[in-house]
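Look for chain A in each of the two complexes below; its partner is chain B in the first and chain C in the second.
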Partner chain A sequence: MNSQIVFALIRKDFKLYFSNRFFAVVTLLGLVAYIIIYFLLPATVNESLELGLYMAEMPPALEEMLVDEDVWFYRAESVDALKQAVLDGDVPAGYAFPDDLLTQMQSGGKVTAQLYLSPDVPPEFKEIYEVVLYEFAFAIRGQSVDIETTEIMLGPDMAGEQIAPRDRMLPMLAVFVLMIECLGLASLIAAEVEAGTLRALLVTPLTMSGLFVGKGIFGTLFAFAQATLLILLTGGLVHEPLLILVALLFGAALVTGVAFLIGSVGRDLMSVMGWGVLAMLLLAMPTFTILVPGLASNWIKLIPSYYLVDTVYRVINFDAAWGDVTQNLLMLLVYAAAFMALGVVVLKRKFQ
Partner chain B sequence: MTQPAITAENLTYSYGQLLAVDHINFDVGEGEILGFLGPNGAGKSTTIKMLTGQLLPKEGRATLLGMDVARQPKKVQTQIGVCFEFTNLYETMSGIENLKLFASLFGVIDFDAEALLKRVGLDGRGKDKVEGYSKGMKQRLMVARTLVNRPKILFLDEPTEGLDPASAQTIRGLILEEQARGATVFLTTHDMHEADKLCQRVAFIDQGRIVALDTPHALKQQYGKRMLRAEVQDAEGSLQTREIILDREQTPSEVEALFKGEQVITIHSEEATLEDIFIRITGRGLS
Partner chain C sequence: MNPRRVGVLVYREFVQGPKNFIFIFAVVVPLVLSFTLSLLFGTLFSGKPRMGISDAGDSQFTRSAAAMEAFTVKEFASEAALKEATQIGVVDIGIALPTDFDEKVASGQATNMTAYIWGESLVKDRAMLVAAMAVWVREIAGQESPIKIVTTVLGNPSALPWEDRLLPFVVMMSVMFGGIMLPASSLVTEKQKRTLTALSVTPTTMGDIYVAKGLMAVTISTVMGLVILALNRALGSSTALLVVVLALGAILAAEFGVLLGALVKDINSLFATVKSMGLILYAPALIYMFPQIPQWIGKIFPTYYIIQPVIEISQHGARLAEVAWQLGILLVLILSMGVLLALLTRRMRHQEIQ
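What follows is the complex of A and B.
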């Protein structure tokens, strides 16, 4: 085989590939996006133990130990402050000791302590906190101490009710269902433009705004119906069904706006699929934070689907009510309206 | 005097620096078929787009049935039917579904899709998906779609382009039927014979300008020449062609001389075609 011919073929294919604006842009954009995502994700694993502590008087021996140990402590000013820190998620757990701790220890009697826990603390962590407590006591007294601990769960007690993987994945599945519908609508729009059927529609009494309303309603309701069916069949509509339905409706409107945007940039089915997968990846990212808690931080809230995922997750798994997710719903509504408006403007320009 | 169905006044459109339609003026009477003839890129489709409200003119205005197209496009579009140059049907839907969709967009009540399909020679194929139709069948369905709202004005952009003779003939028949119903037809075509047969008047458009507009007969009178073409046999037995221009003072004597002096084998009268006239006016052909 002539190597020059092979080289010419490769060069030709390379040119053809990059002469297609879609492939060129998606290739570069994808590369950049994946790199950005990589650097946005945590680069280190946090191996230190976080714990809150309330102690009226800190024994010097314990203070010395806390500096040495690989444990991050939050020193609360009061029991209430400790409880609030646990409730706010600043620390997953916290010990409150009685004000006469040192007296109790010196008398050699039983020492009491209260352990305040966040509901999502895994059982194995409780054992670690117990070990830490005995270490504290040993550091203070120089010998083992008989300690009685009372565990107090702050917020809903999820002990023994760990969230099943499928329930964790449900918001992700809902987002995927919505996104698949989004891809379908986007490819329909692109095909209408490509085949010229849109021109035929627009020389009838059908107005441009009528066209958008029709497509918007179709896209939103079709996506909403599918996502609702998914949640319904998986038993997710038991608690606060109206709340879930409202969240799904806003989510469906959001992906319809995204579909308008994809439909305006996609020229054919292939390019729609390309852009669609990119959008799907972005919108699915908040679901990964549920699957792997601690994966990402506050920047994930910039992704509009976060508010849908978080709402569905909290309502289904933590029995959240309207008041708990009002802010989520408002943000989702704002994002949906913004994407819908942007999609209409961009698509209208393409139609004209 | 009845108002024209279509009026174009200084209608102008440009794509960037390219002047596609250059201040054209014409009108089309009710029930008239106007042929709009010109080569590719002459401005025919752009003119149709402005007349049907798909494009806003850069200058001038178009009036259909007394309504300003730019101001009342949707009102105008309820009264017209547009057959596009390229097939733009929903291929994965059946013929009937395509027609019913557009009938519902026009708000046509009691729409009889089967009857319309029969008119265009597609009876029995209405339930088939359009993707399985031949080019001629698709084009006939396009014309049928144009008729769903019984339009007062029909815009037909190259409706017989590339069709087999039978399909083309069906469409020509429909155009004449629509005219008989009272519809006005704006027809663009490359086919000069078709224009000659169907149109009361023809307009020649070249480089965005109307260079001639009249009846085919008047254009032939003005720009063409009629002649007799005879085949004669000479003394050696070979065939020669003789041409005699008609409508001249010496024509009778030339005809007499031909028959007296030559052995005439065949003789035909000929007149200029619209294509000849187009070439004569513009200096270039239609294709």
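What follows is the complex of A and C.
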């Protein structure tokens, strides 16, 4: 195998890739769009419950409750100020109690409290603000219930350190970047097989193994470079950069193997797109388990991209180290090698 | 134009169509998109706190929770299943109730319940669930609420669930994607394979071919639009009117698709063109998603006159009179595009003769 020839092949593939207007546009615009999407998504999670409150006379027991970190209270000077705060969207709901609240409560009668809701609150959420108000009233009266709750926290308590939507989306964006490149490479291979240029290459000093090594290196490095650029520009390489890069490299090798398979079954751009998008949907599925936790059970681990998505997600968001994701990396490597080998065998059979 | 020849061509399109991946896409993509979006926005982005309960007895607590529309409540057969589900984030809080929970609470005896908390659950969701749990337990204990609540919604209620906001986009996608891509890709493929040239030596005219391809696209797009609306329980009460609007929208899309197919030379250029026009095509649906954007901007785009009547009929129960002006503009657009196509067909015929 001559490294110079392989390098020339890689250079040719690079030029050929960008000569396809569709994939050139999709690759460049896609990468820019994914980065823009990332920065447009919220960077923080506002997880405190914000409520408005008007109460002329504050019972001492309640003062303690109001400093609870879980609920943030806006204390209004008047009912009108409370209403305005709700209307302005400062708080989604506001509670107003009568000025003689304590007197009414001491007399044992039912107190009428006002609940003001923002027009943006979905109707079914009304109940939530009502139950909170009921519980608030019980607390004012100092009425407790004799029940002991054993609280068991499952997984790390992320209260106050929630993962921002943009960081949940990042593994999905990385998979999409890899897959778009996979479609481009598959289209390139399909076009070369159909046009017979792959066969033509074999009458040159290029060997069969050199051909696949060249395509494999081009596909893997090209996909890897784009995914790395995405992760780099979105700040994902801050913690354990080498670990992330290794995961992305294995992921890039995996999609290159998939591209070989798609390229071997596809005849033109249309069929490559057909098979490619099917593969893309399949490989994107594990990202949904991050967006919708609890959506899928263990079967999702059968999809190779799970090990890439899980690794990237845990390293970026949970500071996972090499020891935590070794198994993932091994599985990813096995899948990448298997797909690459399978792709080469199928492709070889197709044009031999 | 010969109706018999058009009929034969339409039949051929329906027989050959399913072999084309664009045909499969026109059917599969809207379904997948609809499913995915309802999954995402029906669960993750719904904002509803999620509670899991494993009830060893038959507690009033479970019934109260199930009746609470503001929460997503799931029941589990065992505490182990509840714990496992909470661990992976199926619910925010999982409550395990003992057999004699109600009896003990009602009789004022000290009792215990276990709360599994998913570490990634939001603090506000935990606070809401805990407040509700306390109220349900008080109900069982026979504690009467010390207050009466009078609820007032201030301003004009405008909240629209994300599922509803996204529906126009999915409907638009099903109508526009099939309507445009089916005839366009079919024409381009035929051009590339030179089967169009072969047809030109038969009595079949370009008009016959355009109409046949357009008819197939209109049928598929209309059906898919209806399927998506049905899946999202948004057919409304005026289904017949909805069919008419969707069909008109599909006709406009198909005309545009035929125009693209006639002008574009290869499939790569077609994809690039459609992709670059995506924002213009879907702009009204995107604007609808965000009520903060002045909604009049949507009216600038032609596709507004397809999707707005669909929204009016399916979500607001509008009748023909209320959407007549929008349909009028849609008809004008269809006729204009038809004239453009007729001119193009004539020009192509002249080119062939020369």
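Quick note on the criterion: the second predicted complex is superposed on the first by the 195 of 352 C-alpha atoms of A that agree within 3 Å, B and C clash if a C-alpha of one lies under 4 Å from a C-alpha of the other, contacts with A are read in each partner's own complex, and residues count from 1 in each chain.
Here is the rule we go by: a residue touches a chain if its C-beta (ideal position, glycine included) is under 8 Å from a C-beta of that chain, and two chains touch if they have at least 3 such contacts.
This structure is a prediction, so every number in the text was calculated from the model and none was measured.
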{"item": "Touched partner set for A:T197, first chain B, second chain C, both or neither", "value": "first"}
{"item": "Touched partner set for A:E127, first chain B, second chain C, both or neither", "value": "second"}
{"item": "Partner chain in contact with A:L249 - chain B first, chain C second, else both or neither", "value": "neither"}
{"item": "Chain touching more of chain A, residue-wise (chain B, chain C)", "value": "C"}
{"item": "Which superposed partner A:E135 touches (first chain B, second chain C, both, neither)", "value": "second"}
{"item": "Partner chain in contact with A:L283 - chain B first, chain C second, else both or neither", "value": "neither"}
{"item": "Partner chain(s) touched by A:L206 [first = chain B, second = chain C, both, neither]", "value": "first"}
{"item": "Chain B versus chain C as contact partner of A:I189, first or second or both or neither", "value": "neither"}
{"item": "First (chain B), second (chain C), both or neither touched by A:L308", "value": "neither"}
{"item": "Chain B/chain C common contact set on chain A", "value": "none"}
{"item": "Chain C to chain A touching residues, read off their complex", "value": "20-22, 24-25, 32, 36, 39-40, 43-44, 47-49, 68-71, 83, 85-91, 105, 108-120, 122-128, 131-132, 134-135, 137-138, 141, 143, 145-159, 161, 185, 189, 267-269, 271-272, 275-276"}
{"item": "Chain A - residues contacting chain C, complex", "value": "20-22, 25-26, 45, 47-49, 69-71, 83, 86-87, 105, 110-128, 130-135, 137-138, 140-141, 143, 145-160, 162-163, 268-271, 273-274, 277, 281, 288, 291-295, 297"}
{"item": "Contacting residues of chain A [partner chain B, same complex]", "value": "195-197, 199-207"}
{"item": "Residues on chain B engaged by chain A in the complex (per definition of touch)", "value": "52-54, 74, 77-78, 80, 82, 84, 86, 88-91, 102, 105-107, 145"}
